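One chain, subunit A, appears in both complexes that follow, with subunit B as partner in the first and subunit C in the second.
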Partner chain A sequence: MSMSATLASGPSGPKPKRAFDPVRIGIYAVLVVASMYFLVPLYVMVVTSLKDVAEIRLGNVFSLPAHPTFDPWIKAWSTACTGLYCEGLSPGFWKSVYITIPSVVISVIVGSLNGYSLANWRFKGSETLFTILLIGNFLPYQVLIYPLARLTSNMCLPGTDLCLYSTIYCVIFIHTVFGMPLLTLLFRNYFASLPNELFKAARIDGAGFWRIFFQIMLPMSLPIFVVAIILQVTGIWNDFLFGVIFAGQPNYPMTVQLNNIVNSIQGVREYNVDMAATILTAAVPLIVYFVSGRLFVRGIAAGAVKG
Partner chain B sequence: MAHVSVRDLEVKFGALRVLQHLNLDVGKGEFLVLLGSSGCGKSTLLNAIAGLLEISAGQIYIAGDNVTWKEPAERHIGMVFQSYALYPRMTVEGNMSFGLRTQGAPADEIQKRVASAAELLHLEPLLKRKPSELSGGQRQRVAIGRALCRDAEVYLFDEPLSNLDAKLRAELRVELKKLHIRLGSTMIYVTHDQVEAMTLADRIAIMNAGVIQQLAPPAEVYGKPKNLFVAGFIGSPSMNMIEGSVAKGSNGPEFRTANGTVPLARYPFIAPPQEGAAILGVRPEHIEIGQTQPGQGGGSGQVVVVEAMGPETIVYTRFGDTPLTIRAEGDLSVKIDDSISYAFDVAKASLFGKASGERL
Partner chain C sequence: MTDMSVKSSDYAVTRPRPKIFRNLSSKFAAIPMMFVALVVFVGCTLWSLMFSFTNAVSLPPAVHLFPPDFSAYVSHFIGFRGYEQLFAQDKWSVSVHNIFAYGICALTGEFLLGFLLAVFIDQKIRFEDGFRTIFLYPFALSGIVTGLVWEWMLNPAFGLEKSMHDLGLTWFSFDWVANRDMVIYAVAIAGVWQGTGLVMALMLAGLRGIDDDIWKASRVDGIPKWRTYLFIVIPMMRPVFITSLVLVAANIVRTFDIVVAMTGGGPGYQSYLPANYVYEKLSTALGQSLAASATMMVFVIIIVAPWAFYEFGRKRT
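For the complex of A and B:
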């Protein structure tokens, strides 16, 4: 047999894939278990929220609803009682929106400016400032609550009784402050990973602090802004403690409202309403994750390259 | 006064002095190359001239103007970076006009400048593209074009060709040379590539450890290196270094080694010869294969390796214990283990004091 015939008769082209590759089986086993872990409780919640109280009392947690009803959802949104009022979750939803949007916008703007100046405009003491901010990431924030409550209750308009504490501005202020360490770290590391020569070129082209930020840095920073916005939206939306402490009773966010609905029992515990209310409260962060998940992962990786 | 002057410049990074008492004058229209290995301070010097880093002492003048405390944008410079540093979200046109737009130049002037720079660098078909849609060579041409759009007294180049492959590098090198001839502007160019330095420069400043070792035209840097560092740095294959001592012989000064004596009568001493330990540096092409004539120094040895390159042949042999490289023209019929004789061309050699390392 000639040499070329030997070559031609041997294996050629792509290596055939095995149908049941052990690595693949392992990966899918882990993925299935992990998703069950999160999906089964969600399934129970959804199913329960669609049953009426009588059907829940039968105890078949996993069964599908015999007579699906959306009444618990409507009640959770508009008429469920917190002990004081019977307005459902809806006022809390809007309060959460009013708290979250300004907190996210302000903290992301300030955080990105912090990160930009710490990464590109080093000044005397900038490294020390950055270290202090880093330490802020590791402080348990509970230790700061009492001092902050005292501080904000003393921040009053001169000559009036109007103080910051127990207002919607107070909780926005607190969220902005607590967002600073993480956001500054995130943005500083991202901007530090951009090539320094770009910054030098822009300076030679005569661009100053703001022009470089808006015309050079911002257009390159979409991924890290997405990460920052997702972190802040979910973090602030899910916050309970700052809302209950700093917002004041008329401004309680959705999470506090949810807690009050679930924990105030009048007669029979309405599990279906509780479940519907919980899903409604969790819907915003869930939607944010689903819509922007791909961008989020890309942004996290982009920020992590270099520090 | 020179077009760009650096006076007693000192740059410190923390406690580390990168540049010390550095003086440099660049003439109007001159192409000056700063050459050195990494960490020698050449990029630091360029960044200091551009105003991109804090200096700790000294002054910098550009076009007679003391710019020591001025912002980079006020120094009338254009700069090209190794990584191109194009603004990724702007088109080629946007990149080139950014500096002019920042200064608030009128639209028709921006248009005119961009058009002329684009024409010069053959960028017209690319003006609407984004940097990510360009090849490496095109990107670097855009970066050069961006620098040209600025109304600059001096153009600074920080290793602009290092990221390109060999063929493109050679092409752009020629384009840069043409550009310089056509524009006649002052250019300061940092590189670690000898070939770039030798081909582009009017004068080369060879730097080591933050000090300019020699500042001279390429031919002089190559032919009359000022000290051992320059002699060893420039040239490939590098200069042969033979240890010995200078002594007075019957026919004038001689260079004595364990393997024979090299007469120095034809060596161009810069000062009257002194006796003492010295090093004789001979470039590979200044050794001739063949019998030594009377009055010439030379020796013989066995061939270790032969590299036939086509137009030239590199022969590796020995002078006593010292390895010796010979570069001969054309194809030689020399084989490994042959015994050959060779002679040094002393008139073109370099002699350095062993202790000082300076040219004698």
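For the complex of A and C:
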């Protein structure tokens, strides 16, 4: 065993290396330079958010703050103006939380059930539905937003004036709709990869659709649920278009609030407050990304996996 | 005789239920999927197409299916004249020009950089996870955040240009964000920054999927590494390239919020993309907006159809 392993890796095994291999140094140099392109904006964001206005006007974007201050952060969070109101980003943060949590929960439940149906309980037309979803995944959202706005403004509680459009439920509905293709694909592929014998054994033991789902499939698919949740949390938190169209002004999510704070201020723009607000908005997806690591990669790569 | 009677009673018991009840739970669970596929993706797309042939301003002409009444629709129907008017508008021509300029730059940039970074990361380097994390984190950010940061960095009054002038390099000039002809390329810089990580991750997965024996064989034959990549590895990775291309291109056609945050479409409307145009015209010229969105859909079909054909064609054989 060990013999064959040594043989297999024989020619590529550790060869004596010089301390300064020019090729290796070149590789690292390229990677470091590329890293700077990716890191500089983050650095500039943080540095700018800690400066005061005078220093921004005089100084250099790349310089470290001479007198670091957290005032811009406080202002961005609680008192920055969006044109009409001066409540900062905090209302937007909470709206984003209220939008993201139910959207993620509902879309993941629906997506997992779809995937389970498609993988294990095919029915006539189920593959056609799946194909439509896959194609729909590539449609530009702009084709669908107006008809969806019409549709949701006609979805009213019978006998009242309460309609879906322009409410927080509407964005949740929209996120569920647009999250469906990718989540369905993700779960379908995962459930299809589980050993079919388990499913057959459960069928012989008399378990039905729901029982197999809850007692066999769910306990085995925790990782894919985590992947789906990561994908949805970052996607929904970062959404701008659906928030601005379907949520209605009182429910604008954080990205919309951020854009309003930055792009509708009259007079002198306070770049330090803008950048602090930007970091605050980016914080949630960044934390999710750094904590989740490889699972995030698995989630985005799922889009490239064929059905 | 007895046999017969047993059989017939057996048959009576196990008579198959009507087809519609088969897999009933599965069908029940798939109701949301049916709704989304049929009502949203098929229905709403057809709806958009239908009203893109009208001169509707802010509300579509009323159409009743029960009982059928298309008279209002017919009186608003203008056929392809709406599309002619659309393409006669400078704002739309600029948007279309921009999506090609932006698309080609972003696509080339993301693929070149993404592939190169994946190759370099694949050289059994140290801190692999660290580099990968750095290259991919912008993908976790929203377009609004991306646009704002890059606006700030490239802003000639405060950003890169001013910093270079402070260093004494007064000849240095980089005013793309404020320059009518270059603004879309400034947006592309931000787009590449955000989108490269995805391509890199997909390419890296593709590179890792290449059999080690290929590398050994090419080493035995004494083929230089760069030639192995160019003539052996890249052709082998064709499926990865194609799926990445479709994913990235479909995202590019949708690009909307980077422009909103970075330039607001300006200066003037020089950085408008089709998505921004559709959004702007929703409330003032609905027919035009829908015609524009239908045109965007044509772009996507041009991108996706060959891929779908390739995929399905391969599956059949």
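The definition used in the following text is that the second predicted complex is superposed on the first by the 259 of 307 C-alpha atoms of A that agree within 3 Å, B and C clash if a C-alpha of one lies under 4 Å from a C-alpha of the other, contacts with A are read in each partner's own complex, and residues count from 1 in each chain.
Note that in this section a contact is a pair of C-beta atoms (placed from the backbone, for glycine too) under 8 Å apart; a residue touches a chain by one contact, two chains touch by 3 or more.
The model shown is predicted, which means the values in this text are computed figures rather than measured ones.
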Exercise. In the superposed model on subunit A, is it clash or fit for subunit B and subunit C?
Worked result: fit
Problem set entry | Partner touching more residues of subunit A, whether subunit B or subunit C | C
Problem set entry | Touching partner for A:P41 - first (subunit B), second (subunit C), both, neither | second
Problem set entry | First, second, both or neither for A:L198, with subunit B first and subunit C second | first
Exercise. Should A:T255 be classified as contacting the first partner (subunit B), the second (subunit C), both, or neither?
Worked result: second
For this session: After the superposition, pull out the minimum Cα separation from subunit B to subunit C in whole angstrom, please.
Result: 5
Problem set entry | subunit C-contacting residues of subunit A that also contact subunit B | none
Problem set entry | Complex contact set, residues of subunit C against subunit A | 19, 22-23, 25-27, 29-30, 32-34, 36-45, 47-48, 60, 113, 116-117, 120-121, 123, 125, 129, 131-145, 148-150, 152-153, 158-160, 162-163, 166, 193, 196-198, 201-202, 205, 215-216, 219-220, 240, 243-244, 246-247, 250, 253-254, 256-257, 260-261, 264, 274-275, 278-279, 282, 286, 289-290, 292-294, 296-297, 299-300, 303-304, 308, 311
Seminar exercise, completed: Listed in rising order, the residues of subunit B that touch subunit A in the complex are 47, 50, 52, 71-73, 77-79, 81-83, 85, 87-89, 98-99, 102-103, 146, 150
Problem set entry | subunit A - residues contacting subunit B, complex | 195, 197-198, 200-207, 211, 215-216, 219-220
Exercise. Within the complex, which stretch of subunit A touches subunit C?
Worked result: 11-12, 24, 27-28, 30-31, 34-35, 37-42, 44-45, 48, 56-57, 60-62, 110, 113-114, 116-118, 121-124, 126, 129, 132-133, 135-148, 150-151, 176-177, 180, 184, 208-210, 234, 237-241, 255, 258-259, 262-263, 271, 274-275, 278, 281-282, 285-286, 288-290, 293, 296-297, 300-301, 303-304, 306
